[in-house]
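These are the structures, in C-alpha cells.
Paired with chain B in one complex and with chain C in the other, chain A is shared by the two complexes that follow.
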Partner chain A sequence: MASLRFRLNPQTQRRLNRFRGIRRGYLSFLVLAALALLSVFGEVLVNSRALVVRYQGRYYFPTYGAFHPGSDFGEGYSYETNYRHLGQRLAKEGSGDWVLMPPVPFNAYENDFRPGVYPPTAPSAAERHYLGTDTTGRDILARLFYGFRIALIFAAFYIGFVYGLGIAVGCAMGFFGGKVDLLGQRLVEIWSNLPFLYIVIIVASLVRPDLTLLVIITGLFSWTGMTYYMRTATYREKARDYVAAAEVLGASTSRIIFRHILPNTLSMLVTFVPFTLAAAISSLTALDFLGFGLPVPTPSWGELLHQGTANLDAPWIVSSVFVSIVLVLSLVTFVGEAIREAFDPKRFTTYE
Partner chain B sequence: MNLSAPRTLALLAALAFSGCAKKEVEAVIDNTQEVQAYYKAHPDFFKFATRADLPKDLAWQDGHDVPEFAAPEAKRGGTLHAYVDDFPRTLRFVGPDTNGTFRPYILDDNALTLIQRQPNTGQYYPALASSWAVSKDGRTMYFRLDPDARYSDGVPVTADDYLFLFFFFRSSYINDPWYNNYYTENFTNITKYDDHTIAVTWKESKPDVYDRLGSLIPEPHHFFKELGADFAQRYQWKMEPTTGPYTVLPEDIHKGSSIDVTHVKGWWAENKPFFRHRFNFDRIHLDVIRDPDKAFEAFKRGDVDMYSLTLPRFWYEKLPDSDPIVQAGYVHKAAFYNEVPRPPYGLYINTSRPLLDNRDIRVGINYATNFQLVIDQYFRGDYQRLQTTADGYALVPFPGIKARPYSVELADASFAKAGFTQRGPDGILVNDKGQRLSFTVTSGYATLKDVLPILKQEALKAGLEFNIEVLDNTTAWKKMQEKQHDIAFMAFSYGFEMYPRYWETFDSANAGKSQTNNICNYADKETDALIAKYDTATSMDEIRSLATQIETRIRDQGPFVPGFAISFYRSGFWRWIGFPKDFNVRMSDTSIQYGLNWIDEDVKKETLAARASGKTYPPSIQVYDQWKHKD
Partner chain C sequence: MRAYFLRRFLLIPPTLLGLTLVVFFITRFAPGGPLEQALMRAQQSSLEHSSSRASGQGTALSEDQIAQLKHYYGFDRPWYVAYVQWLGKVAQGDLGTSFRYNEPVWDLIRERFPISAFFGLTTLVLTYSVCIPLGILKAIRHRTWVDTGSSLLIFAGYAVPGYVLGALLLVFGAARMRWFPMGGFVSGNFADLTAGGKVTDLLHHAVLPLCCYLIGGFAFTTLLMKNQLMDVLAADYMRTAVAKGVSYRRAVIGHALRNAIIPLATDFGQNLTLFLTGSFLIENIFDIDGFGLLGYNSTLDRDYPVVMGVLLLSSLLLLVGNLISDALVALADPRIRFG
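Here is the complex of A and B:
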C-alpha cells in the first residue's frame, strides 16, 4: 500500500489525542467497537450451524453459504442439518468424525423444545442456554446478540438518514437565509409537531414494517432537531472572512458549501453522533416493545423486554435484556461525553 | 345462544379514533309510510289475519317441564369490573364494524329471542314468546308473545316489531349484505294474527326449525323510525332499546377509555321462570385495557374481578396454584369443561392467490404445519388437535376424518408434484421458474402470536417459508375479509347450532368477494353441489352424511389447516364473585355467559380488609369436568 495520502488536520489530530486521553470514554469506545466487530462475525460465535464438520475424512465449513441438508451427513432428512444432534451422533459412532460448534450453538429463531420441559427455561450451562430460553424455547443470548446487531444496523441507517436530511435542510436555510430560511423554519416547526408515535402506530397497524420502512418513519420525524444546529453553524461560518474570500475568488456555491462550510461544522456534528446512536437504539427498542417495530420473529431487545415484563416469573428474560440495554446505552453515553469534551472549542478559543 | 347472526369472529374490536364522526344536523325522518308500503308490496310475505284464522289443531308448548338452571342463592346487585381489549366501534347491532368483542354484552348474551335452548338439556324454554307450536309440515312456527314483554324504554313488544324486523334486515340502508341475504333467502312468510300472535315460515322443513325461527329478535320500529341511508352514522352511538337485561346509557360511553352496561330498571323478565336469579350484576363496568398482560396485572391487583386463564401461560405460569393470592384464598381458580362447537383455529389458505391455487401446494402446507408440536410444547398438551373445520357438534361427529399430521416427507412429496423439487441456498423450495415457496401468514391475535414463529420454524424444515404478519385485530380482520391475505391464522366463534354452516365459509357464492366469511376464497363446484344439497336436507341423517362428504372434500382440497381446539375454559376470579355449584352450564363459552354468577359486596369488603390485614382463606382450585368427554 502506498503511503497514506489522507492527513488529518492538526486540530483534529489534537482532538483525537485528547479523546484518547479521556479514559472512561475511550475504553467505552473500545468496548463498543469490539462488540460491533464481534457482531459482524456473529455467525461464528452464535449459531446453530457448526464451525467445522469432519465427516468421512472431508472437512465442511457450514457457517456461511448455502445450507447442508441432513442427507449430506448421513442424516435421514432433506432439511438443514441439526449440527448439535449430528455432533452427538458422530461422537457416539466414534469413527473419528466430529463437529465443532460455536460457543453458543443456537440461532435466534429455533425453538429448542425438550419433551416434558416447558419454556421458558432458566439459564443452564449444561444445556448451553447461558441466559436461558424465552417463552417459545428460543435462546435468549442468541436473540440478544442478533438483536444488538440489528439495532446497530438500524442505527447506522438511521444516523445516515437523519444527518443527511438534517444537514441538507439546515445548511440550505443557513446559507441562503431570507425567504428560504423563513419558510424552512416554519415548515420544520410544523413538521416537528406531528405526533410521531401515533403516525408510527397507524403505519404499523396497516402494514408490516421492515427495517427500511422503520428507518424511514423514525428518521422522518427525527431530522428536524439537526436542522437548528446546522442552520446556526452555517450562518456563523458564512459570516466568516474565509467564506467571503472564497466568494471573491469566484468559488461556486456548492464549492463554498462542501469545501469550506461543511468541513468546519464537522466537529459539531461528530459530538452529536453518539447521542443519536443512543436515541436510535432506544427508539427501536421502544417500538418493538410496543409491538410496532420489526416483524415477528426478528430478534429484538424490545420484544425481549416485552416478554420479560409479561413474564416476571421468568426473571432471566427481563434481567438479561435490561442489563444489556443499560450497558450499551451507558457505553454510548460515555463515548458521547468524551467526544463532547474532546471537541469542546472553548479549550482553544481565546477572545480578543 | 342461538343467534341469527353469522359466525362471529372471536377477536375484533375497534380503534378509538373511529368515533369522531362529524356532527351534522340530522334531518327528521319518519319511515312509517315507507314501511307500510313495503308490507303492501310484498303481500305474500307479510300477511295480516285474525285469531280465527289460527289452525285449530296446533299442539302448543310452553316449556313448563323444563328445569331452570340458575342458582337461587344468587345475590342481585353490585358492579362487576371487567375489561374489553378495544373500545367498540359502534353500538349498532348491524351494519359496518358490528362484529366486535363488545357485542356479546349488548346482543349475543343479552337480547332475548322468542324461545331459547336450555343450555344443559337442549330443551326450549319461553323467552319473548310464552307459548309456541309447530305446523304439521315442520316449516311454520306459531308464537304467542308474552304480553308483559317490554323494551328497555318501556314500550311493549308487539307483533309489529316482528314484521318490522324483516323490513329492517332486508333494507339496503343497514349496509350489511349478510343480514340482507339471510332474511331474504330463508324466510317465506310472517303472519300477524293479533298484537301478540305471529307465525313465521322457513323455506323448507329443517330438523332445527326451533333454532331458526325461535331465534328471531324483534326490532323496535319506534326506535328505527329514522332508518334511512345515513343509518350507519345516525345510529352509530345510539343503543337500540333491548328486551334483554342490560343496556348502555349515554352517560356511560367514555370513548376510548371505558363503557358500562347497566341493568334495565324494572326489567320485565326479572321474576320470570328461567330468568330469575340470572343477570345479577346491576352494572358491568368495562375498562379498555389493550394489553392482556396489563389487564392481568389489573386483575391481580383487584381492579378487575375476573380473568380468563384458558391460556396455559396464565394458568400455570402467571397465576400458578402456588401464587400467594391463590394460596391466601383471595383469588379462586376454576377450569370448566364445556360442550360447544369448537372455534376452528387454524390456517385459512387464500386459494385464489398464485401458487396457493394449486391443490398440491395446499396439501403440502397441511403436512408442513406442525400444530401438534405447538399443542404439546407451547400449550402443554392441554389443547387438542382440531380435525375438521367443524369439531364439537355433538350430533354431527366426523369420526373418520383426521387432520393431516406433520410430515416433512409427505410435504416434500406433495410440493414436488407441484413442481417444487429443488431447495434454494436458504433451504426454501424453488420451482423451475425460480419462484420460492414463501407465503405471508396474517393474524390479529396478540395473545397467540408466539404460535406462528414455531410453525415457521417447522415449516422451514419442509422447505416452506412463512412470513409472519401480526396486525392490529381490526386491521387483520379487515384484511382477511377483503381477501388480501395469503394465509390467515384465525378462528370463527360459533353460535350453538345443531349442525355446522358451510355456505358462509366454503361456498363459491362467497368467494372472490370482500366482506364475506369465505376467508379461503374457496370455490369448488363439487363442494358447492354438496352444500346446496346440505342446505336443503331435511333429516339429521341426511345432514350428517352430507356434512361428512363436505368435510371429506374440503380435507381433500386442503384450503384449511386444522389447528387446535380447546374443550374447556378456565377462569380466575376474586372470592367475592359467586358461582353456582356446577359453575356454569354445559353449553357455555365463557364464565359469565348466561349470567349465572353474582357479586357479593359484603364479601368484597371483607376480603379487601383481609388482604390489608394479612388474614387468609382456604384456597379454591376447582375443576368442573361433569361435561368432559371421557375417553
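Here is the complex of A and C:
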C-alpha cells in the first residue's frame, strides 16, 4: 500500500520525468539495466554448454538442463560432453546433426589447453577467444562477464547491508539526540577510523571468505558514511510541524519513524544508491586485486587485474579489465549524477 | 568559537585511545601472530635439523625458550598491562622496535614518510592549481562545448580508481613502451647522480604514480568547484551586483568566488592527510617504499609494533586534518558558527 502511494506521488512522478529528460544519465541507466539483464541470462550467451544439439534426429537443450555425459552423443567418455569438439565432429560427419554454441563458447572456469599453445594467448576471433585467455588458459571475456555478475550480486547485498545499518544507526542518533547522539558520534568516529584492511587480512587468514562473509566485512566498515546524512535528515524532519502533530495525535515512536520520518528521507537515500554501487564494485575489485577477496577460481575483475600487472607480456589482460571497469563505473556515475540532478535540480543563471 | 576548537582538540586523545585500544586488543587475540610464526619457524628448522642428523628431539623449543620468545614479543603479560606499557612508551616518544626489520618503528616511519608526503603535496598543489580555474571556467561556460567536453573526461576520470589506471600505465607506459621506469621512488644509482640528474631521475619515476594520485581528486574537486560556483552565480546578490554595473569579472572574483570556495575548504584537511599517508594500492603497484606500503606490509607480516605506530600516526593526522578543515571553513566564511 505504501509503495502504491509512493508511486502515485506527483512529486515522484515529476522527478522520474526529469530523470528521463537527462539524456546522458537515462541512456546510461538503460545500458546498465540491459547489461544487468544480459548477465542474468548469461548462460545463454557465454557458456561451454551448447544452446541446441541435434543428434540422431533428436533435439537437446543442455544450457539449463541436465548434465549430458559424452556417451550420450556417441563420444568415448563419460564426463561432461565437450560441445565444441562434438560440434566439429558432427560437422565433419555430415549426417545432418549439428550443435549450436553460444556466441562465446567458453565458461569462466575451464582451461582451454590446446597442444602447442601456451597461455596467456592474445585475442583471436578464430579461436573465439575474443579478448584472449588468461595465464591458465581461461577465456577473459567469460571471466569478465561472470565477474560482472558476481560483482552485481555482491553490490546488491552490500547496498542492503550498508543502508540497513546506516539508516538504523543514523536515524536513532538523529531521533533520540542528546546523549545517544554524542556517544553514537564518538563510536562512529572510532569505528570509521579502524584499519579496515587489517581486519580483512586477519579474517582472510582465519577462514576463506565467501560472498556472504565478504559482504558483512566490507559492509561493517562502510555504513558509517550513511549515518551522517541520515542523522542530519532525521534532525531536520523531526523539527517539522507534521511530526509534532503526529506526536500530539498520540502516534507511537515507531509509527512516527516508519510512517513519517523514513518516507520523507527516501528521496535523499535514493540519490546515494549509484555511488554506493560504485563503491561496492571498487572495493570488491580492490580486495580481489590484493588477494583477500572471493576464493580463487571465482571469476573476478580484481584477480584479472592482478594477473595483468604480473604478466607484462600479456597487455590484453590489463586492457580488457581496465575498459570494463571504466565503462561500468562511468555508466554508474552518469546515472548517479542524473538522479541527483533530477531530485534536486540546480537553478543556474548565465549573465552576458 | 575558541571553545569549540578547544573542545574538538580535547576530543582527539580519547578517540585515539579508543582506536588504538581496539586494534591492540585484536593484535593480542588474532591467530597467526608473531609468536606463532616464530614457533612455527623454530619447529621447521628443527625438523630439517633432525632429519639431517637423524637424531630425534622431542619438542622444537624448550619451555624456557618459549617463555623468552613470549617475553620478546610482549605476550607474557595480560593485554591491558601490555597496552598501558605501550602507551607509556609512546608518551616518551618510543614506538617500539619492529619484529621484522629489528629497527625502531619511528626510524622506519621517518624514512618512508617523506616519500608519501612528496607525492601527496605535489598532488595537492597540482590538483588545486588546475581544478579551481577549470571549475570556474566550466561554471561560467556552463553547457558550452568547453564544459561538455571536459565533463566527459572528468566523469571517466572520476570513475577510474587510481590503482586501476596504475595497472594500465605500468603495462603500457613502463613495460611495453619503456617511456618510464617500472617503479621505485628513485634509481639505484641515485646517490651518484649530479643535482640535475637527481631531479630528472626523481621526476621520471614520479610521473606515472602522480597520474594515479591525481585522477580521483581531480574530477571531484573540479566538479565541486563548478557546482558551488553555479549555485552562487544564481544568488540574488550576484544578480544585484551585475545589475548595478559591477563588471562580470569583478562580480565573479570579488563576490562569488569566496562563497563558492568554502566547501572546498571542507575537503582540504581530509585531502591533506589522505595524501600524506599515501595510497598503499598505488605504492603497491609502482613498488614505492612509502608510508602506505609500510602499513600494508606490516599488517601482512603481523609486525604489530609497526601496525600500531602507523595506525597512531595516520589517525592522528586524520583527526588533525578534520580540525584544519573546520578552521579553514571558519576562515573562509566568518558567518559560520560552530557550536
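We take it that the second predicted complex is superposed on the first by the 336 of 352 C-alpha atoms of A that agree within 3 Å, B and C clash if a C-alpha of one lies under 4 Å from a C-alpha of the other, contacts with A are read in each partner's own complex, and residues count from 1 in each chain.
Definition applied: a contact is a pair of C-beta atoms (placed from the backbone, for glycine too) under 8 Å apart; a residue touches a chain by one contact, two chains touch by 3 or more.
Quantities reported herein were computed from a predicted structural model and do not represent experimental measurements.
Upon superposition of the two complexes on chain A, a steric clash is found between chain B and chain C. More residues of chain A lie in contact with C than with the other chain of the pair chain B and chain C.
When the two complexes are overlaid on their common chain A, residue A:S205 makes contact with chain B and with chain C alike. By the touch criterion stated above, A:T285 is placed in contact with chain C alone, chain B being left untouched. In the superposition on chain A, contact of A:T309 is made with both chain B and chain C. Look at A:F41: by the touch rule set out above, it reaches neither chain B nor chain C.
In the superposition on chain A, contact is made by A:T135 with chain B only, not with chain C.
In the superposed model, A:Y64 lies in contact with neither chain B nor chain C. By the touch criterion defined above, A:V318 lies against chain C but remains apart from chain B after alignment on the C-alpha atoms of chain A.
In the superposition on chain A, contact is made by A:Y109 with chain B only, not with chain C.
Note on the chain A alignment: of 97-105, 115-123, 205-213 or 277-285, the part of chain C that runs into chain B is 97-105. In the superposition on chain A, chain A positions 205-206, 309 are in contact with chain B in one complex as well as with chain C in the other. Chain A makes touch with chain C in their complex at residues 186, 189-190, 193-195, 197-199, 201-202, 205-206, 278, 282, 285-286, 289-290, 305, 308-309, 312, 315, 318-319, 321-322, 325-326, 329-330, 332-334, 337, 346-352.
Interface of chain C with chain A (complex): residues 11, 14-15, 18-19, 22-23, 26, 30-32, 142, 155-156, 158-161, 163-165, 167-168, 170-172, 175-176, 227, 230-231, 233-234, 238-239, 242, 248, 251, 280-281, 284-285, 295-296, 299-300, 307, 311, 315, 318. On chain A, the positions that touch chain B within their shared complex are 65-67, 69, 77-80, 109-111, 113, 118-119, 135-138, 205-206, 208, 291, 295-297, 309-311, 313-314.
Residues of chain B touching chain A in their complex: 15, 293, 312-313, 316-318, 320, 373, 376-378, 380, 408, 412, 423-427, 440, 446, 449-450, 452-454, 456-457, 460-463, 467-472, 475.
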